[in-house]
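Next come the structures, one after another.
Both of the next two complexes hold subunit A, though its partner changes from subunit B to subunit C.
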Partner chain A sequence: MSSKVTAGGRRPPRTGRSGTRRSGLGRLGPLPWIGPAVLLIVVVVLWPVYEMVRTSFLKISVSGFVRGWAGLDKYRQLFDEPGLGSVITATVVWTVGVVALTMVLSLALAQLFDQRFPGRRVTRWALIAPWAASVLMTAIGFKWMLDRTAGVLNTVMTDLGIIDTPRDWLGDPATAWPWMMFVAVFVSLPFTTYTLLAGLQTVPGEVYEAARVDGAGVWQTYRRITLPLLRPAFLVGVVINLINVFNSFPVIWGMTRGGPDSDTATTTVFMYQLKSSDIGESAAMSVVNFALVVVMVAAFLKVSRWNQEEV
Partner chain B sequence: MKKRTLVLAACTAGALVLTACGGGGSGESADGTLTLKLVAADYGDKASNSSTVYWEDLAERFEKANPKIKVDVQVVNWNDIDTQVKTMIQSGNMPDVLQTGGYADKVADDLLYKAEDVLSPATRDNLVDTFARAGEVDGVQYGIPFVSSARALFYNKKIFADAGVTEPPKSWDDIKSAAERIRESAPDVIPYALPLGPEEAQGESLIWELGNGGGYTDADGKYTLDSDANVETFEWLRANLVEPGLTYGNPAATDRKTAFADFAAGKAGMLNGHPSLIQMSKDGNVDYGVAPIPGKDAALDSTLGVADWMMAFKDRGHQEEIRKFLDFAYSKENTLKFDEMYNLMPVTEDTLREMTSSGKHKDLEPFFELLPKASFYPLGDTTWDAVSAEIKKSGGTAVGEDPAKVLGDLQKKAEQATADQ
Partner chain C sequence: MAQQTIQPSPGAPDALPPDGRRPAGTVRPRRAPRPRTVVVTAVAWLIAAVFLLPYVQMVITALRPAGELRDATYLPTEFAWSNFIDVWRESNLGSNLRVTLLVAGGSTLLVLLVAIPAAYYTARVKYRGRKLFLLLVLVTQMFQPTSLLVGLYREFHQLDMLNSVWTLVLCNAAFNLAFAIWILTAYFSAIPVQLEEAAMIDGLGRGGALLRVTLPLALPGVVTAVIFTFIAAWNEFVMGLTLSTVPESQPLTVGINSFIGNYTVQWNYLFAASVIAIVPVVVLFAFIERHVVSGLTAGSVK
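Right after this comes the complex of A and B.
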């Protein structure tokens, strides 16, 4: 009994320890809970970014053997590439063009799908199709439809008399760009439309009623009420599309591989082309790409003052 | 608790790093058997004719004859093999024996055994001379040729007959006039298929440049990508085939496989092809003829030869075992089996004699004659892989507006690659 008491007498220090432990845990706060997620981010996001930046400063032989530090040589080499200027111009046109077209078309589509009409459910489902299909698959599908000898689109256009003879659409940059932009818009529409549709459905009906009572016209209502209230959804759509379209690799790679030469390449595809001759230079291009995306999105958010609710 | 989380984190990170780094090691196990690691390209196009079947059978027979050596076979398809080998090299997990498309870049990093160190003299003497020499870097042979192929002009006999062209073209002017007649008699046919797309721009370009006495290097092995003869070649192609519409509208975006498929479908009049086009043409019921490559003034007596290579890595130090394995793999029985399996051309004297005289390979006969006279890419130049990648990417655009500029840019890149060595 007394021994038990003695044993019990030892308890206070132990409880003391467990007390510190508890307060230690308390001090950690939510860390143990978000720890795995943080670890995941470190391993799959931060570490690759670090490796990418490091690789851009390395000299790596074609066989994959690291030959040492290259300093800024790979960046210098990259900016000396004769094709880089036109690739960057093309990237800007591509990104702005595809995003702008997507947003405009999606606004119209979202408005349409917000109306009640017979068959709305089916058409809403149908809109998901380009989204659900793999982008690469869609791109390859269009590549074959546009094929010079066997392409169904070529045949249809010839039969309809739109063109005289089948054309090699994707072989010539002048015709390849519009087709690739078409496909890029096609695959971007579903997501954007659904984002805007979700935004439209949050606009309370009373607001429209009030507008009607005040005698606002259809166009006026749209401009003064729908668009401002749609702003958060619209901005989300633009930002996500900017990133997606800028990084859009499968559409271009699937259809032209950036060729001939780099005439139909954006910076992302150009980076991939460089990979076959110089990994270091390719990594330098990736770093530049990464910086471009960050700058572009930051600039857009600043211009659009995204965190201000009021216009 | 905190400690445990840390340990867990460290373990997870450690595990990730470990899997990323992978194997290594000398491959010797406790009972004294040693494992050779073989990595080879897949020449098959489906599971039943995959090269895995060939190599595993060969490995099994080799292991029976050499009980102390095991062979670990890894067959990788052509699209991925370069990347996979690069990863193996980067992570220090090198194979002992590698069979793939090029070797010289690995010599630059001093990764390979010399051929004489891993081949018995008999096996070495048995290699066809031109190919053995194409395996040399600065006079020392590292690359061991494995299979080869050579190019010749294929033409569609029916299309030629319909156009009233009686014999295959010998000179560039012959090509042009034959193409013009084909254009008239069969407007839907591509008269001459000129594939300068990224798949193999370096091949088609060199064939044409050889026809004008040009090429990629001079006698000293210096790059001459923008030599006058080469620029003139592309100017001729632009003015006589591309602009008059006697070939594809966009040669720089047209790959060889498209050209081959068009020929095999009877949609192309003539093109430079290699032996695999024989079977394709037969499958497409195309009555084809084979002729020497036309040059500017007369048919060439040489041609472009292409070889795939075998090489042995020093990293794991298995020189003796590699020698045994390669001697076994290069025996007539085995090389003949591989060449016949894929209709490829041999690189060893005994197999070449056997295939020439057996009468079983009538189709390949025009090519057998060309083999000993073949010209090659500058394979022994350690910068060739990088330069070749650049030519694949932009070389085809030389048939566009400004051949001199395109070739000049390429030459600059080649010189830079040489300077970086």
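Right after this comes the complex of A and C.
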């Protein structure tokens, strides 16, 4: 990778100038350095985007045979789906609810695990478990724990007298939604908490010292000092969670497969359900899906005035 | 860091200053913990238990004999360790594990090869198109594989690359690239340019300076990128489900998902397989817990 090294292995020392200009790589400009990354992104990310948008305007048979252009037919077909309205509403409630709960709980968890106490390492390690285990397996684990006859959560709740008889929590959308949101929060907490823990590390200790000298109370210190200084980490957490939770497929797929029908589906799961019946309509759903993510993230960034703060 | 705190003279380590207070940074003698610490400890351990319970339950289920699977009991009367052997013998778990290892290992390697030069150059040189490149990376972060499934499937179908380990390597690498570039750019930016300039004056090219000087200093960042990519690729489900349709080329997550049949679910086998899939990653994560915070710290400070 280095420029030609002569027999002696050393070149005469050059003064004042960095070697970039004259070395072979320097002359080619940024291409050898960022070229491979750009290529990978173009082939695996941008090409599918193009392919997806194109597919949404095509007539394609179930076996994958292209039968010409469909124009906006697939979009019309999608918007005529009777379930679409409730799926979109559910998606918004799901995303906002899960992200909000995750952020509030993570703030508390980060504060707790930032303290010094015996066993901090072990307990932090336990906190990481849902992150290390695949989301799908965690979701399937909860599906099993909520099983009507053999689920341990049903057993615990009947033993504690919370419910009289075991219930089929995931069979009814009214109870399936809260449980799936619980699982989505559960798997989002580790990353978010760790992002906030990392943010807490960047707060210099002297700031707290100064606050104490000035006689600030615990709550006042937290609100006036910790929270504002946590802002960058908090924003990173919200944006990444918005994107992840909105697209969260394994939680819902592992627990209910979006069913019965599309009663527990978000737009992402709905898109997957459509894929087996009509790939063009599914592509149209994907395009709408992506537009929704962009709108949500942009709306959040606007509200939090991301740009002004130069995060 | 407390390394520079003034220490008592080595001869008399326990001599306290006249007012009885120890200088900051020295070890305090053991005394009864404050009530606050007790509460914090109790709550933290309780939360840790809640976070582990689902996985403990998975292990218990994995060890249930087939006859006691659907009993509403907390523990089976005996543990059927043979479940692990049965599931290994009677399913595709071996080839699933091989695919997952290849995909996770291959995509991690590819991410490093591609992200290190890009992040290094972006951190060091103000080239034309730098803003555009950073925008491209940010956009990649917004595109999740889930939202692109149809496009990905159509593309690799046309390329006749479905059911290939290499397709999964490429895809996992591409979707984890943004995060790696982000973390590594932050690390490289924090390393003083003067160190490299000195190396280049001594006759190393930019590439040599990167390999011999900067990279070793940015090792924590590289470790963070490696771990994040490896774990994300190890746990990836959606692309594997879509791009691999035959059992032999499917990763572990997809293989395990297929235990959920249309009518029956072999829960004990399913969780035995899950435990096999989860344990290596949990152990890996336990080793690098410290790096996670420092890696994310660098990322959020920029």
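FYI, the second predicted complex is superposed on the first by the 278 of 311 C-alpha atoms of A that agree within 3 Å, B and C clash if a C-alpha of one lies under 4 Å from a C-alpha of the other, contacts with A are read in each partner's own complex, and residues count from 1 in each chain.
The rule is short, and it goes like this: contacts are C-beta pairs under 8 Å (C-beta built on N, C-alpha and C of every residue); 3 or more make two chains touch, one makes a residue touch a chain.
Predicted model only: the values in this text are computed from it and were never measured.
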Original post:
Is A:D278 in contact with subunit B, with subunit C, with both, or with neither (first, second, both, neither)?
Top reply: first
Original post:
A:T138 contacts which: subunit B (first), subunit C (second), both, neither?
Top reply: second
Subject >> First, second, both or neither for A:Y50, with subunit B first and subunit C second >> reply: second
**OP:** Please work out whether A:L112 is in contact with subunit B alone, subunit C alone, both, or neither, and reply first, second, both or neither.
**Re:** second
Original post:
Counting only touches as set out at the top, which of subunit B and subunit C does A:V293 meet: first, second, both, neither?
Top reply: second
Original post:
Which partner reaches more residues of subunit A, subunit B or subunit C?
Top reply: C
**OP:** Examine A:T149 and indicate which partner it touches, taking first as subunit B and second as subunit C; both and neither are also allowed.
**Re:** both
**OP:** Report for A:F182: first if it touches subunit B alone, second if subunit C alone, otherwise both or neither.
**Re:** neither
Original post:
Which of the two partners, first being subunit B and second being subunit C, lies in contact with A:F79: first, second, both, or neither?
Top reply: neither
**OP:** With the two complexes superposed on chain A, say which partner A:L28 touches: subunit B (first), subunit C (second), both, or neither.
**Re:** first
Subject >> Common ground on subunit A, meaning residues reached by subunit C in one complex and by subunit B in the other >> reply: 24-25, 32, 43, 64, 149
Original post:
Considering the complex alone, what residue numbers of subunit A touch subunit C?
Top reply: 1-3, 5, 9-11, 13-15, 18-20, 23-26, 29-30, 32-34, 36-38, 40-41, 43-45, 47-53, 55, 64, 109, 112-113, 115-138, 140-142, 144-145, 149-150, 152, 154-155, 166, 186, 194-195, 197-199, 201-202, 232-233, 236, 240, 243-244, 247, 249-250, 254, 268, 271-272, 275, 279, 282-283, 286, 289-290, 293-294, 297, 311
**OP:** Under the touch definition given earlier, write down the residues of subunit B that touch subunit A in their complex.
**Re:** 1-2, 5, 9, 12-13, 16, 85-90, 105-106, 108-109, 111, 197-198, 248-250, 252-254, 262, 267, 385-386, 389-390, 392-394, 396-397, 400, 409, 416, 420
Original post:
Where on subunit C does subunit A make contact in their complex?
Top reply: 37, 40-41, 43-45, 47-49, 51-52, 54-55, 57-58, 61, 69-74, 110, 113-115, 117-118, 120-122, 125, 127-130, 133, 136-137, 139-144, 146-152, 154-155, 157, 170-171, 173-175, 177, 181, 196-197, 200-211, 231, 234-235, 237-238, 253, 256-257, 260, 267, 270-271, 274, 277-278, 281-282, 284-286, 289, 292-297, 299-302
**OP:** Enumerate the contact residues on subunit A facing subunit B in the complex.
**Re:** 21, 24-25, 28, 32, 35, 39, 43, 59, 61-67, 77, 82-83, 148-149, 167-168, 170-172, 256-257, 259-263, 273, 276-278
